[in-house]
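Order as written gives the chain letters A, B, C and D; numbering starts at 1 within each chain.
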Amino acid sequence: MKWLRKKKSHIPLTEWNTSIQGGSLLKKVMNQPEQIVKEMLEGMILAHPDRLRGIKESGVLLRTDAPVEGKVGLVSGGGSGHEPAHGGFVGKGMLDAAVAGEVFTSPTPDRILEAIKAVDSGKGVLCIVKNYTGDVLNFEMAVELAAAEGIEVDSVVVNDDVAVEDSTHTTGRRGIAGTLFVHKVAGAKAESGATLPEVKETARKAIGRIRSMGVALTPCTPPEAGKPSFTLEEDEIEIGIGIHGEPGVKRTKLLPASRLVRTLFDRIREDLPFKAGDRVAVMVNGMGSTPLMELNVVHKELMACLREKEMKMVEAWVGEYMTSLDMAGFSLTLFQLDEELEALLAQPADSVTIRRGGN
Amino acid sequence: MNAKDVAGWFQRYADVIEEKKAWLTELDSAVGDGDHGANMARGWKEVRNQLKTFEGGLPEVFLLVSRTLISKVGGASGPLYGTAFLRMSMFLKGKEEIGHDDWPALLKAASEGIGQRGKVNGGEKTMYDVWAVVSETAEKRAGEPVRTSHLLEWAREKAEAIRDLRALKGRAAYLGDRSVGHRDPGAESTVLLFETLHQTVSSRGGNGRER
Amino acid sequence: MKWLRKKKSHIPLTEWNTSIQGGSLLKKVMNQPEQIVKEMLEGMILAHPDRLRGIKESGVLLRTDAPVEGKVGLVSGGGSGHEPAHGGFVGKGMLDAAVAGEVFTSPTPDRILEAIKAVDSGKGVLCIVKNYTGDVLNFEMAVELAAAEGIEVDSVVVNDDVAVEDSTHTTGRRGIAGTLFVHKVAGAKAESGATLPEVKETARKAIGRIRSMGVALTPCTPPEAGKPSFTLEEDEIEIGIGIHGEPGVKRTKLLPASRLVRTLFDRIREDLPFKAGDRVAVMVNGMGSTPLMELNVVHKELMACLREKEMKMVEAWVGEYMTSLDMAGFSLTLFQLDEELEALLAQPADSVTIRRGGN
Amino acid sequence: MNAKDVAGWFQRYADVIEEKKAWLTELDSAVGDGDHGANMARGWKEVRNQLKTFEGGLPEVFLLVSRTLISKVGGASGPLYGTAFLRMSMFLKGKEEIGHDDWPALLKAASEGIGQRGKVNGGEKTMYDVWAVVSETAEKRAGEPVRTSHLLEWAREKAEAIRDLRALKGRAAYLGDRSVGHRDPGAESTVLLFETLHQTVSSRGGNGRER
């Protein structure tokens, strides 16, 4: 193995993998943990120069052709660590900009403001925000600042996670993977030339019809923290987990896929409730390190649940859309469609992650 | 306290945050997402940098902190602290010193800012509870001189008291009953703010006005 | 948590997670491990009924419109556990059929024969085979059987892995992620109406210009074996790993992303060799549980290497294409293009994993 | 041996494979992908099923095994064993018994089949080495009666001898020098085939022809 030996001796790990607490090594493909978000964004732009450009030092990814004349601009974002969300959904028919914060930390208002300004063509901008206090507060401040600068701007908050109790006295439900369906339908609506209030109304209608819930088999490890966000026993899983490794609603023993899917499905279905005859889009979303093989097994079980309840699946997203770093697990999302939403979902899109031709 | 005293306070606070970063993160790991220490340290490190070359009046030093926190911290605590310092800056417009009598209204401005921004009324087990008790108690005592040692004492007591609450806002709320018994990271970083205020005032030695 | 409690008590793990050796539990989303491939294929078809159909009990996924009149049929496949390969690459402009064997085990000749028959429109069929003894032997037998039935059929063997010494006395280089670039260009060539010898020639030309190499940070765990395919220390990685967890060429300490990428890049570049002025397609392929965030960091480093050597990247695939179950790690692939190959790569495709519009 | 004897041999082999499945897989884990046991067990389980209702002559029983292995085993070993049994079936066309004198040619047919299919000449540290030595030694001794105990002995010795080789074909070849010292899984499953042949012949008790 001459080719390896002839290099000079290895850089000591402590020179780069340093922010590790408790002395344990982080087995990640990275350089300095503090640089990982910046480097990731650079990598994304380098990989997709035809689709994405960035605003320097801001964590903002834009459609190359933003602002698009005569179209409401769509901005989303949040902490990093959920890739491909949200940069993977920037493109024709979806978002105009995604703002990335540090890992699991909302981006700051000034960065969001930059994104809003960059995508505003004069037709106004809608921000699609996941319901986490940090995201909500930072987007809220950005919207205030943008409005102060005379931009027509509004926001919607997605709260699809049925694992969390909803109440006006609390933080309320979290926004998780269902957010990406909102990007799709709001994106298609905006592309049609609709006004800001119209796009907002479509987004709100969609939010009212999207429900999700997830499960974790293993925790994730944020690169800077250097240790798992929580711990699970060898045979334990956490049902109702959030996408930042926030604790879920229930720990239980590992279950077979069929039981696991049914547990999440029942809770999701009863919540809206979904009913016989409903036409739905479904998402089986991998949390980061669950192989596609397993996600397809989950999808098979989910389809059995739908058949039993006489619901009709008209579109399926099976893959990784809103991850939690290297967490193992998945989330299920059901989206109850009406005629408008079904048509919008089928419209063309050309983002890194979601691409579909005209039909 | 004049602008220079306040800048000293903030410098001291930046040091303490750096020092207690791991502890704050640990508190946040138990009930949130384990970044409160990192978030605060990122912001206050920048504040310290900015203060090195800062030359301005009293409202400006608060404004500088507000802007820096808003643009560097992210998360929930960035906008919350940012709003608090913004409101204090607005209250101090035209003033060159914070006098005894200013404290109740100054704290009220900060506390109301946090309450509005965070959509909290108290009892949700957040940093607001600490700000609110300090502001309200100071107001109730109107007339008596407000000592920073009192502010610290009230803050500490409240932060301790809310440990037994169930969190209703912020990430800790997702834990439901499991949040009971844990300290709230934002409340604790607020206590540290009053602790460094008191230290700053005490170490000035000086005229004893604040003691 | 009434919704969980009201279910009857949990199925004991031993009733389903049974094939686990040494008593340790497999933390996977699955039912019976023996059923996982079948269930996965069912899930894929259910998720993409517009793109895929299956041949019962055969592990074969087909384009819904196969056989396509006037087009050479393309068949690939191999053991399962590499999802999305190969089913994710079935569709217009890519494969006509993918044959899935058991996890990490080549499919049998009768199944491959079924696929060949199903996609033959009379214009002949090309099999694209990864160079593993099992795959080669089983495809070879299938090709003999198909030829005996009067089908015009041929095969090419992909051997892009530079980690393995190449020699006619040995098994030779393995076929790894670079295989998917072959699917793309051969698929576009076939779609153009080319003859079987022409499609084969294009595929062979591509194979001669594709080089790859991978690295593992953690082993993978096959669902039936129930234990990791190999072991790595906490701070150890294996460079030159195969996609089945076969041992690589060298164990070393964990390296920063920049060093890791440069190590693989140098070996790949020197092998062909690639040279200044080359126009290349690149693939940064995740092995299964390495987050997209890290793959983008890798891509950024790879672009720095290309710039330094004055090579021009014209297309980038960054994501999971040829995985190894839940292994952490990645592989790099470089593809030296000529005018024809670059044009073919840019042609439209409509598979589950690779979709691109006409341009 | 007639068709019934051979069926008995294969049934016995299927049992042994089931029993040694974990061991074969372990050998394959060390140098390959850890599935040789599972692969073989999958195929031979089906052979046993098929044999239950089988009623045919001597070549047919070999053909049945060939077809079953080819369509059930997958991997490298499926086509290799499948080819071996196919060639043996072809050689036995028209025969009702395997006589003493048939063994050298029968084994040669099998061994050549494997060599052609696997593109090996010997010395690559695969199952072929065992088949080849058995076939060649039997041929060299032409004239002398071939005993199954001899076949087993030659197979065992060869499988042992190739441990010290560096694998050149199959997955083990990727290991390079690291394959030295490890047993080859396919060679070991071949030894088991001759072991059960010998057991079958011995347990028939009978005329001692084969002992």
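Throughout what follows, a contact is a pair of C-beta atoms (placed from the backbone, for glycine too) under 8 Å apart; a residue touches a chain by one contact, two chains touch by 3 or more.
If you want to know which protein each chain is, UniProt gives these names: A, C = Dihydroxyacetone kinase DhaK subunit; B, D = phosphoenolpyruvate--glycerone phosphotransferase.
If you're wondering where the values come from, they're calculated on a predicted model, not measured in any experiment.
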Neighbouring chains shared between chain A and chain B, ordered by label: none
Any chain that touches chain C and chain B: A
Centroid-based (C-alpha) most distant chain relative to chain C: B
CA centroid of chain B to CA centroid of chain D, Å: 79
Whole-Å gap separating chain A and chain D, where each centre is the average of the chain's CA atoms: 55
Whole-Å separation of chain centres (CA-atom averages), chain A against chain C: 26
Distance from chain D to chain C - Cα centre to Cα centre, in angstrom: 32
Sequence positions of chain A contacting 2 or more other chains: 249
Pairwise touch network: line, ring, star, complete, or other: line
Chains touching one another, given as label pairs in label order: A-B, A-C, C-D
Chain C-facing residues of chain D, complex: 22, 25, 29, 32-35, 38-39, 42, 70-80, 82, 117-118, 168-171, 173-176, 178
For the chain A and chain C complex, residues of the former touching the latter: 1, 3-4, 7, 10-11, 13, 16-17, 24-25, 27-31, 36-37, 39-44, 46-48, 80-81, 83-84, 88, 217-218, 234-235, 239, 249-250, 252-260, 263, 266-267, 270, 284, 288-300, 303, 313, 316, 318, 320, 323, 325-326, 328-330, 350, 355-357
Chain D-touching residues of chain C, taken from the complex the two chains share: 21, 79, 101-102, 104-111, 132-134, 137-138, 140-141, 164-165, 169-171, 174, 222, 224-225, 229, 242, 244-247, 249
